[in-house]
Amino acid sequence: MLNQFGITFLDLIGFVILFPLAGTIINGFLGKRLSKSIVGYVGCAAIGLSFIVALFVLLDLLKLSPEHRVFEKEYFTWIGSGAFRAIAGLQVDPLSVVMILVVTGVGFLIHVYSIGYMHEDKSFYRYFTYLNLFTFSMLILVLANNFLLMFIGWEGVGLCSYLLIGFWFEKKSASAAGMKAFIVNRVGDFGFILAILLIFVTFGTIDFTEVFHAAPEHLQIGSIVAATITLLLFVGAVGKSAQIPLYTWLPDAMEGPTPVSALIHAATMVTAGVYMVVRCNVLYTLSPFTMTVVAVIGGATALFAASIGLVQNDIKRVLAYSTVSQIGYMFLACGLGGFITGVFHLVTHAFFKALLFLGSGSVIHGLGGEQDMRKMGALKKYMPITYITFFIGTLAIAGIPPFAGFFSKDEILLEAYTKGSLFFWGLGAIAALLTAFYMFRLLFMTFHGKSKMTKRVEEHVHESPNSILFPLIVLAVLSVLGGFLGFPTLSVINEFLAPVIGAGHHGLAHGGESHHVSSNLMFSMMGISTGIAIVGIVVAYVMYISRPELPGVIAKRFKGIYNIILNKYFVDEIYDATFVKPTLRASNILWKVVDVKIIDGFVNAVGRLTVLKSEVLRLFQTGLVRNYAFSIMLGGIIIIICSILFL
Amino acid sequence: MNCDCPILTIVTFLPLFGAIFLLFIKGEEQEKIKRIALAVAIIDFIISLPLFILFKSDTSEFQFVQSVPWIKEFGISYHVGIDGISLFLFLLTSFLSLICILASWNIKDRIKEYMIAMLVLQTGMLGVFISLDLFLFYMFWELMLIPMYLIIGVWGGPRRIYATIKFFVYTMAGSVLMLVAILFLYFMHYNETGEYTFDLLKIYNLDIPLGAQFWLFLAFFFAFAIKVPMFPFHTWLPDAHVEAPTAGSVILAGVLLKMGTYGFVRFSLPLFPYASHQFVPLITWLAVAGIIYGALVAMVQEDLKKLVAYSSVSHLGFVILGIFVFNIQGMEGGILQMINHGLSTGALFLIVGMLYERRHTRLIADYGGVTKKMPILAIFFMVMTLSSIGLPGLNGFVGEFLVLLGTFKSNVLIAVIATTGVILSACYMLWMFQRVMFNKITNPENSKLKDINRRELALLLPITILIFWIGIYPKPLLSRMDASVNHLLTQVDEKYKTTLSRLGKNEDVLLASESKREDYKTSEVRISESSQNPVKRLIKLWK
Amino acid sequence: MEVPLTWYLVLSGILFSIGAVGVLINRNALVIFMCIELMLNAVNLAFVTFSRQQNSMDGQIFVFFIMTVAAAEAVVGLAIIIALFRNKATINVDDINIMKW
Amino acid sequence: MLESLLFIIMSLITIACAIGVVFQKNPIYSAVFLIQTMVSLAVLYVLLHAQFVAAVQVMVYAGAIMVIFVFVIMLLNLNKNDMEDGKTKMPMQKPAAIILGLVLVVMIGVVMTRTIYQGAQGEYTPEVMDQIGNTQLVGKMLFTKYVLPFEIASILLFAAIVGAIILAKKQIIKEEK
């Protein structure tokens, strides 16, 4: 496995993160002076090179036997204080390799796409700087060998997300959305930090390997500490991966440029929570309670977000809610013990959701910025390639065989049925139905039916340039083929990832994946889920193609419910009323009453009291000499009297 | 290390000589005065740099020590030296003073007097951090008050008189109490050993009776708590910051506030270990209250400087928390956080000052869309904001995290509450940033803004580099602190335990204090060990 | 019969008190000055009396010094009064209260 | 007997004149009364065997110092009306001061009568003094034991003269400006 230089590519893992960093620095410092094309090349090359290194790393890793596929490289001590050590080091194992491949692979395509998409923008270099910085942070997140370093990446991607959502900072809604994203993420990070603290206090280290090795010996299954750690970590995951109750930032995040939505808010960053849960699967399996919580939250989010997606009219918002819903699926899988299934869905989802977002971006680009689906329609003939790729993506997410989404989603449902209960399966199945419906609703409203575009828009609607179409095609291919990674009988990904799960030889009730499931059950489940998807598609077809008046009728009949869903269950408003406003009001009270009136009032009162006393005392200072003389004499007499009386 | 050349003394008094030299220059020669002041500050900073390199990190002894009897009759000596705790504050001071003089380039009014005040202030501040003699310490402590008073009172904003008197009286009230306590220690040392001395290292060895510890601690506490400022002694800070000129704010936030926290570490803890332990509940809760309170109040400020000032209250709450959890992570985090706060908040004040110079307003509502006109400033502003928020990879995080870690080890509940400060800091800083820098330019005044010039770049760039350095590779700093902090904690701990055993407390308490110390590996978390009601403890002490 | 020395002292006390009252009730700066001289004289008397009582010369010497001081004081005080009169056209002490701000 | 009579007469004159100093409206009368007070005191000094002091009292005090007073009164050309215009700002001052004065007298009386003065007796009894001469003794003391204070007194007088000149002269500088 050594090449002629005597080192493996595993040793060069640092380059995976170094290239994006270099890209960031070059574009950040020199970008203003460089031409747009150079900036674009630098940005793409950084990620492309990183992807190539990642590929070689994968190859090197495959040469090792499955049990030894863990490689750690430590660079320097980042923070060292007393017994606490945080070492900056990278860890390569199957899980992180899968992640870096997804991040750099999909990331590369989106970079390429961005060249075309953002070409008109004045701050082209700034965009690529941020994008490279994001990739850098994301890679640190997945490659980190300890919790604290992971937290750097974790917050780093949050920062980039903030910067990129607010990329068009002159738009008030964009900058507000960026801020919201960061702050909601911070709420999650609150849990993450506490989890890290608790982990250190419990295990005396924050290194992944050591923690996971020590965990089964230190903690009982179902112990409170394990539950607390995992729940706190999950709070972080909930924030980052936009689950109930912290999902509200993600739909707003669609204010950012579309490629950003595709990369950060669909394919990579938002799935970091899933990655983290899978990474810590050893801990999670120690706490059945947390697992249930994860599953319930995941399932509930899947259903809840899907229901909102049904009625949204903004093309990107539909996709955003679908992202939330799909990540809910992943958590559902993880919560039921199917960590690998979760990762598998993460990968396929990265392909098809990036594809869908990029496709929608292509549509938006073609329409000159229009995002409202009610003003689209019949785009099939104007943008054929976009249409085809988008159709593939839709089929994939709806779960039609043999597209990628089918396999992963089906496995999750299977997992839910075998390991969970009918309840979880029901959640998943209904969500799947809704997904198929709203995705095809989106497809039909956008590409089929009559054109509802305004004249001006219709005149210059066009197919997108090659730099946009190329990534679409590649991703479409991946969406078709990606599922075979986890094809039930081949199950490449299962075998590859198996060592990561339950590392430390802990007896895993959930670790074995679906091998023991009888093939009968498996195929019948496949049939059912396909059936569900088809039902959804048919309903969508009926409502939006054959009888377009139907949605209006239904909306009218169930006006109350419709309004609630259309307004996203008023969750934003509820949060505003329960958290934001009271906090601000309390702050105002603290400032204007406690600070100014009470504390400062007290201080000023002391001052005023002194002045007041002086006001009284100064009356004795008449300025009349004879008064002073009188006082002197009086004082003298008093002294004499005293001396007579007391001496 | 006993260096032959008295490097500390040179660094400390060079600015004073510079100030004296400036006296002989005519006030009209503004350029010349500015250049000379700057040159003095630069030379001073350069001379102070070898301290960092020559500092030996493997010893907890004071280094670069110089001890000369000054007033023998009263046992006052010129005893200076630094250890891992004061080293960085010393360097930070010489660095920020340089920045401040450069930041004051545009002052037109009485530039000579201004620069003299600045340089004298620098000597005072540097002196505080190196003094190992209580008298010397107190002298420097008061010395730096006067130029600061003048800087706010003469070159300040419209309400400067109110602010400056408030600042002065607040601080004096505290430091007078401290003077009484110092004298008490002085006479107590005489009573016990028959030697009159103000020497800190000798007074460290005193065995102070518990009742006296209680009152002495309180006296020192007020002096330092006001200086920090801890909630609820903080109200002088926003006023002083708002009225102070830019450089004044920077110095105030960057160095002066650190004197309080430094005082806690250098004096309160080692001198009164028992009282310090007794006060832990009260102080930690006050610190946490400060964190949350400062953050909440900062959120609704309309004035940029006030916002940053209240954020200081919040940040210094972390520092205090770190100091009073009595473990190495907390303490090192606290010290690091002092430096971080000096850098990031100092830089924020600089930036606010730059905006103010251009627009002559500090109201957030008057800004908006500034990024469009000032992209370079926006980058620096962003970095400072993020550093202040505590983004991992920047300096703020390292300190904050270590403090939280230390706190978590001693009291989980407080750590949890303190962590919410992390959320809140993001809220107020980003909201402010959004309103100032983002959105469309609505105010036509803002469309005429010019981006920062070279001088301003020279101000912000070094700070930014330091911010990244501390964020990414804080080891050179932490390793230099290690020995001193360890020594301090062990010292405090031993004294505390001897006191306890003398009091005849049972083994449990001893064990509890043992468990707080370093190098323990328990499998279970010790959830907030017997956090007694602070009021009850007070009552008990009084009896 | 010799006069008891206490009588001299009582006389001195009476003179001193009259002088003090004079300082208090007069508004004319010159008269106040004279009253002060009166008080000084009372003190001188007391000194001489004590000198006699103790059979010592020191008291008498002190009287000389007091006279010197009284002379100096009178000279300077009167000069001040003249300067004051030139500026304010009054020597009424009640009108001279600019020291109070 | 004669001595007692002389003391009583002189002390009565002294007190009467002192009261006159205080209560006269016209300053020139006050000055005259003061001179008379001093002269009467000089007589008392003689009774106390302090002849030189008595002489100095008459020449320096009653003569020189009081002349300055009278001179100043004349210079300022004050008359009665100057002090009478305007009401007094302190109506209670006069009665209060008189009461206070009476209290003071009582107090001093109490102190004088109650306290017994003791101490080492000096060598200069009246007999000795008469033998050597009062003036000679004073001179001896001034140039031996008290030579330093004596010289300082001269400096004081000199300073007073200079100060008086500076204070009393017209402020030329101010007028030039």
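Each chain gets a letter, A, B, C and D, in the order it is written, and its residues are counted from 1.
Operating definition for what follows: contacts are C-beta pairs under 8 Å (C-beta built on N, C-alpha and C of every residue); 3 or more make two chains touch, one makes a residue touch a chain.
What you see is a predicted model; the values in this text were computed from it and never measured.
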| item | value |
| --- | --- |
| Chain whose Cα centroid lies nearest the overall Cα centroid | B |
| Furthest chain, CA centroid comparison against chain B | D |
| Chain B and chain D: spacing of chain centres that average the CA atoms, whole Å | 67 |
| Chain B and chain C, separation of their C-alpha mean positions in angstrom | 62 |
| Centre distance in Å when chain A and chain B are each reduced to the mean of their C-alpha atoms | 37 |
| Chain centre separation (chain C, chain D; CA means) in Å | 6 |
| Junction residues of chain C - those touching two or more other chains | 20, 24-25, 27, 94 |
| Multi-chain contact sites of chain A, meaning residues that touch two or more partners | 624, 626, 630, 633 |
| Pairwise chain contacts under the document criterion | A-B, A-C, A-D, C-D |
| Residues on chain C engaged by chain D in the complex (per definition of touch) | 1-3, 6-11, 13-22, 24-28, 30-31, 33-35, 37-38, 41, 44-45, 48-58, 60-61, 63-65, 67-76, 78-83, 85-86, 90-92, 94 |
| Of all residues in chain A, those that touch chain D in their complex | 624, 626-627, 630, 633-634, 636-637, 640-641, 644 |
| Complex contact set, residues of chain A against chain B | 76-84, 148, 151-152, 154-156, 159, 162, 166, 169-172, 175-176, 178-179, 182-183, 186-187, 189-190, 193-194, 197-198, 200-202, 204, 218-219, 225, 583-584, 586-588, 590-591, 594-595, 599-600, 603, 607 |
| Partner chain A, residues of chain B touching it in the complex | 166, 169-170, 232, 234-236, 293, 296-297, 299-301, 327-329, 332-333, 369, 371-372, 386, 391-393, 397-398, 401-402, 404-405, 408-409, 415-416, 419-420, 422-423, 426-427, 430-431, 434, 437-440, 472-475, 478-479, 482, 486, 518-519, 521, 523-525 |
| Footprint of chain A on chain D - complex, ascending | 89-90, 93, 96-97, 100, 103-104, 107-108, 110-111, 114 |
